[in-house]
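Order as written gives the chain letters A, B, C, D and E; numbering starts at 1 within each chain.
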Amino acid sequence: MSTAVDSRRPGGDSAGAPRGAGQRKSSASLRHRLAERGIDKSLVMLVPAAVFLIALFVYPFTYGIGLTFQPSLLQQEKWGGGIFANYLAFFKDPFVFDSIWLTMRLALPAALINVLASIPVAFKLRGKFRGKRFMTTLLVLPITLGTVLTAQGLLIFAGRQGWLNRFLMEVGIIDAPLQLVNNYIGVLFSLIITGFPFAFLLISSYLSGIDPSLEAAARTLGADWKQRFRRVILPLLAPGLATTFILTFVLAFSVFPSARLVGDAMGSTRVMSLMAFRAFGEQNDYPMASTIAIMMGVVELAVIALVLLWRSFLYKGSTGGKG
Amino acid sequence: MATDVIATTPTAGPQTPGSERARKRATRAARSGRAPGEKALVAAPSTWFVWAGMAAFLIFLLGILTSVIVDSFGKSWFSTWLPEVFTPQWYAKSWERFDLTHVIGVTLTVAVSVVVLSVLIGVPAAYLLARRDFPGKKLLSLLFLLPILMPPITFGIPLATVMYNLGLGRTIWAVILVNLVPSVPFVIMTMTPFIEQINPSIENAARMCGASMRQVFTRVLAPLLIPGILAAAILVLVRTVGMFELTFLVSGPQSDTLVVAIYRAMTSAGGGEARQLVSAMAVMYTMTMMIILVVALRFVNPTQLVARVKDSRED
Amino acid sequence: APSTSSGNTTTAPGASAAPAGVPDKPSAPVTLNILDVAGNQKLTGGMVDAFVAEHPDIISAVTWESGGAPDLVGTIKPQVDSGKLQIDLVLTGTDGLSAGIGQDLWIPLVKDFGDRIDNQANYIEPAAKMQELAEGYGAVVTYYPSGPLLQYNPDAVTDVPSTPEELLAWAKANPGKFGYARPANSGPGRTFLQGLPYMLGDTDPSDPVNGWDKTWAYLKELNQYVDSYPTGTGQVITNISDGTWSMIPTTTGWEIEPRADGRAPNTLEAAAFDDFTWVTDAHYAVIPKGQTDDKTSAILLLLQYMLTPEVNAMAYDHGYFYPGPAIKGATLDLAPQASQDVITEFGRDWYDALIEEKPKATPLPADQLVIAFDTWDREIGAGKY
Amino acid sequence: MAITASAFESLELKDVGRSFGGHDALVGLNLTIRAGEFIALLGPSGCGKSTALNCLAGLLPLTHGTISIDGKRVDTLPSEKRGFGMVFQNYALFPHLSVEKNVAFGLQMQGTPKAELKARVAEAVALVKLEQHTKKLPGQLSGGQQQRVAIARAVVLQPRLVLMDEPLSNLDAKLRLDMRTEIRRLHQSLGLTTFYVTHDQEEALSLADRLVVLREGRVQQIGTPAELHNKPSNWHVADFMGYRNLIDLTVEAVSGEDVRVSGAGFSLNGHAAQQVHKGESVRLAIRPEDLTVVEPGDSVRDGNTISATVAVVEYQGREFAVGVQTAEGQTLHVRSAHAPQIGDRVTLTVSASRALVYRSSLDEDSAGSTPELEEVRA
Amino acid sequence: MAITASAFESLELKDVGRSFGGHDALVGLNLTIRAGEFIALLGPSGCGKSTALNCLAGLLPLTHGTISIDGKRVDTLPSEKRGFGMVFQNYALFPHLSVEKNVAFGLQMQGTPKAELKARVAEAVALVKLEQHTKKLPGQLSGGQQQRVAIARAVVLQPRLVLMDEPLSNLDAKLRLDMRTEIRRLHQSLGLTTFYVTHDQEEALSLADRLVVLREGRVQQIGTPAELHNKPSNWHVADFMGYRNLIDLTVEAVSGEDVRVSGAGFSLNGHAAQQVHKGESVRLAIRPEDLTVVEPGDSVRDGNTISATVAVVEYQGREFAVGVQTAEGQTLHVRSAHAPQIGDRVTLTVSASRALVYRSSLDEDSAGSTPELEEVRA
């Protein structure tokens, strides 16, 4: 029965099958080889998205980069450096350059607070209990407020004469109203209010991705909750925390309306996006606006790269759970 | 830890096995979904801290929300707990003053167009990215990620400049186009796990039944992807209605969406509008968003609002 | 579309440069689409309506659009360049006016048609000065002397400052109780800024770079006692109203209108510095290039009409631009009854004398103003952290 | 320090029950486990096996009953204090820890000194023959290797009781067989008391000292493998124990435990495994290997013959599994030493003692002590 | 219109191969399938079974070779044009379509007229006995029922060839047995040509007319179940066919096909399944059921005896599976009719014809033409 067995490696010798072999190699196998590489008609489905991406993202972006090398006469006069005048202006003008630090000063703590505060909350809301959906919905509510309403609300609620200060004074915790808006704190608050739900939801989903039987296993091995957290959950959650940090950092880093509305727009919350918009909308200096905007992207990506680098040292395989 | 446990499980001595008390306690523990002995651990001060923190956060939220609502109904609210007069007039006024019929019309037109376009563009791309390997895939995936990772201002400003150069500045077209930039990648991100959830062998099965690629798409994939498309659509809707930066950079009075209209009302140079007018508008905005969100949460897992789903819907 | 090149003086293709072709009266009634980037509709809306009611054979209907001054060039330039005007008439402040002049967007109204709007001869003097800023491209329709004035809460401020030095001393004594908004985002803010050089005796009040040494030094010192600079006048009004602040710089309009519409308590008081110069303000009507002869004709008739005392008196409004009229003889008694009532209740009887008595200066030209703002942002705004 | 099981005299489950919001997943489980015993809990999917195991482990709170060891309550202790080891169906290895560190985890929790820890981990790893793989992460191991790690991790703590929840169900056939022997070897050499959950009767029979058969949360039978194999207590257990032929018939005559049943075109002498009455509808249970084709020269057993037509023939190595159909359309599973042709007419026979007659209903039989008759489920 | 298989004379795979970026998943598969045949492709996980099946189905492009039916190339056709039916391991039912519509899907794709479609669907559904469930969605069916739907969906198209990829591996033990019989019945009654992939040798033996055993992408043996069961071509196939005892020994003497081998503390007479030479290291393969405990009164077969100690005893229903260890530490799997005690010393015997001697290396044997000796894997 086993006459047909021929287990030779089919590599070079096609001596045994001369008929049609050449044809096959040229016709079918080209199609097969292309298909093998993933190239076939169905790639057409990618075309709209690719066109869109190139037209609305890549092109404007490159155009924007190009613009940065066409500084206005004013910038050239002021900073010299020919086509690099905008960059000189960016780096040499502390009024502009300091906005990097001012942005970081907001975005880093905001992202950190959002991530750190989300961990215990996500933990408490893990598992099933009555009212969980309600709780979750409440925590997600700020998404509906939007930055502008949050700003308006903060100004009214946390202003000098707002309910918060009134209450604290009434109760006797403070004598004079606290300055909570139109400054750094106001913007930080608003970043936490709008960023926390995102961080919370993300971390919840990462947490639910950790197979509960791992914790059960740790329990049967005698680990108490602290040990379970530190030795099992945390290491598995860490990559998710890094991702969450990145995403909330991105949100906080691009802070714009609240920096103007509840912040100190030219002072302590003179963030990069405000500076970019100031150049764009108030000074009509598009090349400088692009320069600031591009530098903003560069700085942000640098931070992300650092976090990703850190993350690459962590365990990042499957966490056993769903998906 | 040990002392905690002992403190709250005083079983050893007087307990007769199977006594009514023991059973009750077991039942109670069971009802609260906890394993025996867990109680002690949960009552730790950290729990207190967490609940207190959450409460503070919620109070803050509630404070912000009610202040705005009260303000939108108030008149002459200066240095008192509540306004002197309550009136609904600000709603009528702001409706008229800012031509909200138009603004809301624009907002809906923009949102619906963005949803439809980004789904049409994004879903096929998501399918290919999820299922297939082809040269340049990594680069393309990275490119699709960038608009979500970058600050909107970073690409928004060059994009807006291009829009103005093309003469699209301040048109509703520009608003729709710029909003597509983060929306298409977002549809791709949202759809990817839904597509991955569909076992490829279902597609293979359809092909083995003689279905062509197009039939596989229309007869098998499309119906199976409906929940994902719905999720993506709602999420894009929420994000587009809420998108401030990009819209703001290219919109004008005739193409402002609601968020931008509010911002302009708060900052307009010709004289900032009455705060109550802004509050009234903001309340209308929040109500709209809440309705969308509540609808959204019926169809999608809350975590999808921010990230790609990992798990199928809970329930 | 915004472009970085300025001073583009090429004439747009469809522009009708021949004033000769403009008839005395449109061949058929026209409709007008008016763009208001200065909040001017409040003041002149009634005038336009009245004209339409009286002369339906000239203008059959009017639609209004509003927007921000920074958007003006972006809106109009493409229309002028392409010769397809959707905006027929623009009402703007000095900022939009000069941005449009820089981009060569406006018809040289006065040069070409000065004879048809000869009511311009009746401008009150400071309004006439404001008209000069228009370089012939626009017509002043409303005017107000603006400020700087002070508004304060009489419960908190007993010794009302009468000089900038006293104001500084008061702010020092009451840190965090005096404040103003970022000038780039606020009328009273910029009025205060431009008014200081006159009061402090700076060398050249029209040169913010070299002539404002005392002003910048003053603002820097004042800065130590100001807790924040909001990015809009609205927040300033809120702050003075709810007691967060006790004193703010203001203008006539900003002082009256918020009290009149209930946004600020009527208990607030106003005061003027002993010695100051009004930094005046005005709104202009401009016609984009490429306008049809019929519409130009209709607009000229409209403007001529608006500049009659009886009509221009409508600019009293609710005190928004107090007094508002730019024309001699447009007295309060000619204004609508509602205006008279509001002004009687919320106006200050001493304003008119003050307006009469104090010198008036025109504001900085737009490019100088941008420089002043930039300097303020850097030297004052950014100093706050 | 050799790995040995910590000892106890007996572990007693008394009336243990668990319900999920009104639905009883486990009802009145009474069982005494003696030290060193290997107990298998057997039943179809959803019958409450994992529930029972998790209750025992302390991962699920009880809603009824008590668990005690040598008379001392343990159900009030949290899992981490019970000193039980557990092997999970999906292994539940810590994916971020190497094999070594997975195994060391429990010892570290106990604060075992470093030197001892190292020695014991090495011993446990050697026990499951994974010395080559100590530094690998679980993701780098095959299913069988992962399962071994899970076992080593559980036994290194010398637990009083090892719980295993379908530990082999994710493995392929050959590996399953090997790991089964491995588990049996470990149990026998370490004397581990083991509580083993499975839905595979072969696995349960081959591994356990005693089997507990569950159906819908209720115990159906407890006994040794031979007892269950030969004398299932009801047709459900019989079905589970490989009595593939379950035929609905009617009782013609009863004489002590000898019963004559008929229907489906034949009548047979059988053995009453439950008390039945004349005229009652009953279910006859016969193993395929007890129902044989009468070859020429073979004798008919106990006068039992059934005529049928061959429908399916399967080769099984030493013999053939044959599917036949009676004239009335009843399908029967049969063994034959030779391959019959499809369509052949054959005569089958079975000895009366291997034709077990059960009541059709699965109520608690009269031997059961609780008269909860109203709680019967179809 | 009764469901019957479309016919062809023969389907020929010639030198079919598939590699994934340099890694050969399938190499030089040559096979001729005759109409109506049931071919099983058997091998351990990762050996290339699914690859072969998917190449045949057209779901994977080939990297080598051709597939033709009655001399006509089919490998250049897309899957949907090949007219094959396929049953997937995870069923791959369309979850949004009812049973009926799942089955009808393929007919709709062909544009079958409504009346005929209805009739054929009804017939296919009846064939797999799901008449009661036509309106249900797949999610509402049990695993076995889903598998039946998958089969009905494949056969309703009267495919020239039905491909099945481990169709039973997701089912539990009992159901697997039932479905196996079902598949055999369908094949036998419809005359479907079937290509069946499995890693379960029992399944393959019981179902197939011919088996193809794969290892690392290469065919090891092709033959009937009996051939494979009794005469595996190398020790790897033997291992797979249930020869659980694989013992490394040395050849002492060769006389034709009779060989004497020794090592591990004993020496035995065996049968050379491959050509071996004196002094060569070989691997002896014995099935557990051929290696029996010598009970008092039993005779020793062919002079073969091995002494060992009982280490593990597993109950298996009719007999006991016993793990024993020789003094040298060699573990052996043995069958015994009675349960020995752990620690008992026993004597084992095996007939020489059932003790197969293989070369240790798995190279192509001398019948093969290429001397790729360097490619040996342990």
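Criterion: a contact is a pair of C-beta atoms (placed from the backbone, for glycine too) under 8 Å apart; a residue touches a chain by one contact, two chains touch by 3 or more.
Bear in mind that the values here come from a model prediction, so they are computed numbers and not experimental data.
Separation of chain A from chain B in touch steps, taking the shortest path, is 1. Seen from the Cα centre of chain E, the chain whose own Cα centre is farthest off is C. A separation of 42 Å divides the Cα centre of chain B from that of chain C. Between chain C and chain E the centroid-to-centroid distance comes to 91 Å (mean Cα coordinates, whole Å). Centre-to-centre, using mean CA coordinates, chain D is 27 Å away from chain E.
Taking the mean of the C-alpha atoms as each chain's centre, chain B and chain D sit 49 Å apart. Of all residues in chain D, those that touch two or more other chains are 58-59, 78-79, 81.
Contacts with at least two other chains are made by residues 161, 224, 260-261, 286 of chain A. In chain B, 41, 78-79, 161, 266-267, 275, 278 are the positions where the chain touches two or more neighbouring chains simultaneously. By the touch rule above, chain A contacts chain D in their complex via residues 211, 213-214, 216-224, 227, 231-232, 235-236, 315, 317-320. The touching residues of chain E, counted against chain D in their complex, run 44-45, 172-174, 177, 180-181, 184-185, 188, 199-202, 205-207, 225-226, 229, 240, 242, 244, 289, 311-312, 314-318, 321, 323, 333, 342.
Those residues of chain A whose C-beta lies close enough to touch chain B in the complex are 37-39, 41-43, 45-46, 48-50, 52-53, 56-61, 63-65, 67, 117, 120-121, 123-124, 127-129, 136-154, 156-158, 161-164, 166, 189, 193, 196-198, 201-202, 204-206, 208-209, 224-226, 246-247, 250, 253-254, 256-257, 260-261, 272-273, 276-277, 280, 286, 289-290, 293-294, 296-297, 300-301, 304, 321-323.
By the touch rule above, chain B contacts chain A in their complex via residues 1, 33, 41, 46-47, 49-51, 53-54, 57-58, 60-61, 63-68, 71, 78-79, 81, 120-122, 124-125, 127-129, 132-135, 137, 140, 143-144, 146-162, 177-178, 180-181, 184, 188, 193, 213, 238, 242, 244-245, 249, 259, 262-263, 266-267, 275, 278-279, 282-283, 285-286, 289-290, 292-293, 297, 301-303, 305-307, 309-312. Considering their complex, residues 1-2, 37-40, 65-71, 74-75, 78, 82, 93, 185-187, 231-235, 237-238, 241-243, 254, 257, 261-265, 320 of chain C touch chain B.
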